[in-house]
Amino acid sequence: MIDKLVPSLTAAMAGIEDGATVLVAGFGAGIPDTLLRGLLAQGARDLTLVVNAAASEEGPVSDLMAAGRVRKVVCSFVRAASTATKLHREGRLEIEMVPQGTLAERIRAGGAGIPGFYTPTAADTVLAEGRETRVIGGKLCLLEHAIEADVALVDAWEADRWGNLTHRATARNFNPVMAMAGRLTIVQTRHVVPLGTIPPQHVHTAGVFVDRVLHVPEGEAA
Amino acid sequence: MIEARDRLGIARRIAQDIPDGWFVNLGIGMPTAVSDYIPADREVIFHAENGVIGIGPAPAPEDADPYLVNAGVQPITLRTGAALVHHADSFAIARGGHLDLCVLGAFQVAETGDLANWAHGLSEPTKQIGGAMDLAVGAKRVWVAMEHGTRGGEPRLLPRCTYPLTARGVVRRIYTDLAVIDVTDAGFTVIEMVPGLDFDTLQSRTGATLRRG
Amino acid sequence: MIDKLVPSLTAAMAGIEDGATVLVAGFGAGIPDTLLRGLLAQGARDLTLVVNAAASEEGPVSDLMAAGRVRKVVCSFVRAASTATKLHREGRLEIEMVPQGTLAERIRAGGAGIPGFYTPTAADTVLAEGRETRVIGGKLCLLEHAIEADVALVDAWEADRWGNLTHRATARNFNPVMAMAGRLTIVQTRHVVPLGTIPPQHVHTAGVFVDRVLHVPEGEAA
Amino acid sequence: MIEARDRLGIARRIAQDIPDGWFVNLGIGMPTAVSDYIPADREVIFHAENGVIGIGPAPAPEDADPYLVNAGVQPITLRTGAALVHHADSFAIARGGHLDLCVLGAFQVAETGDLANWAHGLSEPTKQIGGAMDLAVGAKRVWVAMEHGTRGGEPRLLPRCTYPLTARGVVRRIYTDLAVIDVTDAGFTVIEMVPGLDFDTLQSRTGATLRRG
């Protein structure tokens, strides 16, 4: 019988190794904050985080970086005052800036078995310097590579024991594509529902992409 | 006296030019306010990068749903007829040419339509690429909403951008506090000035040659 | 006001030009059969059809080919007895064979603004002969180009006046991705529902991809 | 007497080897029947290229829903817990390495694991690529279900395929009417023969050298 539910945050985070690449979903909403705190407690270091924004001075992504656990962050957005920028200036953090759409597509490509693709995005900018471009259909395009990751940290609204997920409103954002691209996809969910509760045509992230599900009821930090 | 537009005035002016039925993405900052000024008899659908198709009016603070935000992470509502998608599908919309219009803020625009809106320089710590590069190359047309000059009085409309580019040759029209300016094959063409402003004064505040529209 | 509903099959098919590339959705279920008959009546010729299977001796895709209206078919599947094979032998039809997953991905790429991508699929087969390959991450990959089309013919279960669609069960198949990739996307739907009837989180194909909607109630040929 | 397996017998034999919890795609034809023989105490989830995750038992003819078919366009049911996706997402599953197993039919398999299952030759009018090329390179492992030889007595297990390839070096295991054979770095290794069959007889019906497992 397939049962992806895990009993504790410790069990959810078990086995993440030093040097792992970790996808961190969320965009204002849908951030797997409990799992991020679990990662801090779990102890893995030399991490590469792939996350839309490293723009904050506080919160769990900032905490991981401030604790010296992150070697590199791949993101679309940093601020002058953010922890990422501060560490980068001190030479303690590598930052790779990626346009947000390219970031989402590289992650989807990682999940979909597309090792590389061409996009006009950023092809005519400094981000393309020293990189491979080609003209396709009259448009200058930049070669981008898939992002596959050791771990994906994902937030959900509902989950069943097969790992089928729904995401509430705009808490969907990066969650479905990051779930696809993690070799180990760990989910925190507000609600656990019996198999069959989510109608087949309304599943947002299919259980095939999910490895572990942790129940984190609203208002609890697990 | 020059009746310069304030930020909401610029947003209101842009809203006038969006026809019924267009599908539009509004950038963070000044452009976001455009949706508040669409005439009631027009149905314009607004997109946000985080997967919203059909943004409605902002909620009262007490009605804000933390699960429902726009690309600026501000609380929103959904319109009747809205749809929600994930981030890759949302950018498939943006990059696939499905947006009739994207309105972006800018630091600088060149007379060739080059857009610079993500950094003042490569050594600058603030790097806010976000979705702008994707939107700028993917939308059917890009309009810019910005102040005509910087607070220090430097021009933002230039022969060439000095800041790192967001995309090359994409801007079609610029709405500033002083004027509405088209980017044409011949360069900047003034199609409207605010009351009290004359062409020579506008030219003196602009870093590139203007043509009369 | 946005209202994509059209009053007749003739109105639905108006303006399709000779030489057009036409995406035809469906896979056993979800075939836009009424629209295909409309295309036959409409008269455009020299068409390129992109369709999963050209495996039949009858039905609307076969009828279009038999009427001499199709120059080329792009598909993953033909049979010895099919109309496509017969016409191909007579030198009257070009056939481009594409693996089904690559076909779906090329169409999605067309809709998503990805002009090209690399895939291991078919990289080591005769389909790759004379084409560009490269090794990415240790895997031999084949360069594939996006399919963008003049027209997409799409089937739906429900549609509203903005063109938001749901697809019933496996009638979904190619319909959402083909809807994305058509410059003119025409939909036949079993049910027309008021705006707001389809919950935002349950829309399968967003109206932004749809241009025209024709109501074809169950059992009617329109 | 050699107790050769019939087609359903091959499917039944394959089903025994699929562990609890695997996520599996079954090709058209002989492989499709595998799902009928999964032991009741194992939960195995079946995928179809047209966007089904969690295929259930075939319906009674009178209960068939024309909107619900598998990749062979046969009527199916959905299991409790099933999910439906579109065609590109379905192949993202297949190509992205998310299938534990794909069971495919074949015309020929080479001792290097090369698979030929879509055409007898390039001039042949029947070309049934379908999703096999995508599944063959994308699944974590590929097993083949086929007759050991052709109806004309020609071997299907060969040093090299003579038919056009579906994919190179992908087949891990072959289930035939006569044997179960692993494809290893050393070539074909027999891990099981049907009752009444001896190794030399099996070798005589095989086009490449067999090793004893």
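We call the chains A, B, C and D, going by the order they appear; numbering starts again at 1 in every chain.
What we mean here is this: contacts are C-beta pairs under 8 Å (C-beta built on N, C-alpha and C of every residue); 3 or more make two chains touch, one makes a residue touch a chain.
Not measured: the values here are computed from a predicted model.
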{"item": "Pair sharing more residue contacts (C-beta pairs) when A-B is set against B-C", "value": "A-B"}
{"item": "Chain centre separation (chain B, chain D; CA means) in Å", "value": "54"}
{"item": "Centre-to-centre distance between chain C and chain A (centres being mean Cα positions), rounded to whole Å", "value": "33"}
{"item": "Between chain A and chain B, centroid-to-centroid distance (C-alpha), Å", "value": "29"}
{"item": "Centre distance in Å when chain B and chain C are each reduced to the mean of their C-alpha atoms", "value": "34"}
{"item": "Residues of chain D whose C-beta touches two or more other chains", "value": "78, 84-85, 88, 91-92, 94-95, 138"}
{"item": "Numbers and ranges of chain C residues touching at least 2 other chains", "value": "105, 108, 112-114, 119-120, 168-169, 172, 200-201, 204"}
{"item": "Pairwise chain contacts under the document criterion", "value": "A-B, A-C, A-D, B-C, C-D"}
{"item": "Chain C contact footprint on chain B (complex, rising order)", "value": "20-21, 23, 43, 45, 47, 53-54, 78, 80-85, 88, 91-98, 138"}
{"item": "Footprint of chain C on chain D - complex, ascending", "value": "48-52, 65-70, 73, 78, 84-88, 90-92, 94-95, 122, 124-135, 137-138, 164-168"}
{"item": "Chain A partner contacts - residues on chain C that touch it in the complex", "value": "105, 109, 112-120, 136-137, 139, 141, 145, 166, 168-169, 172, 200-202, 204"}
{"item": "Footprint of chain B on chain A - complex, ascending", "value": "27-30, 76-80, 85, 88-89, 95, 97-102, 104-105, 107-108, 119-127, 157, 167-177, 204"}
{"item": "Interfacial residue positions of chain C with respect to chain B in the complex", "value": "1-2, 108, 110-114, 160-162, 164, 180, 195-196, 198, 200-201, 203, 206-209"}
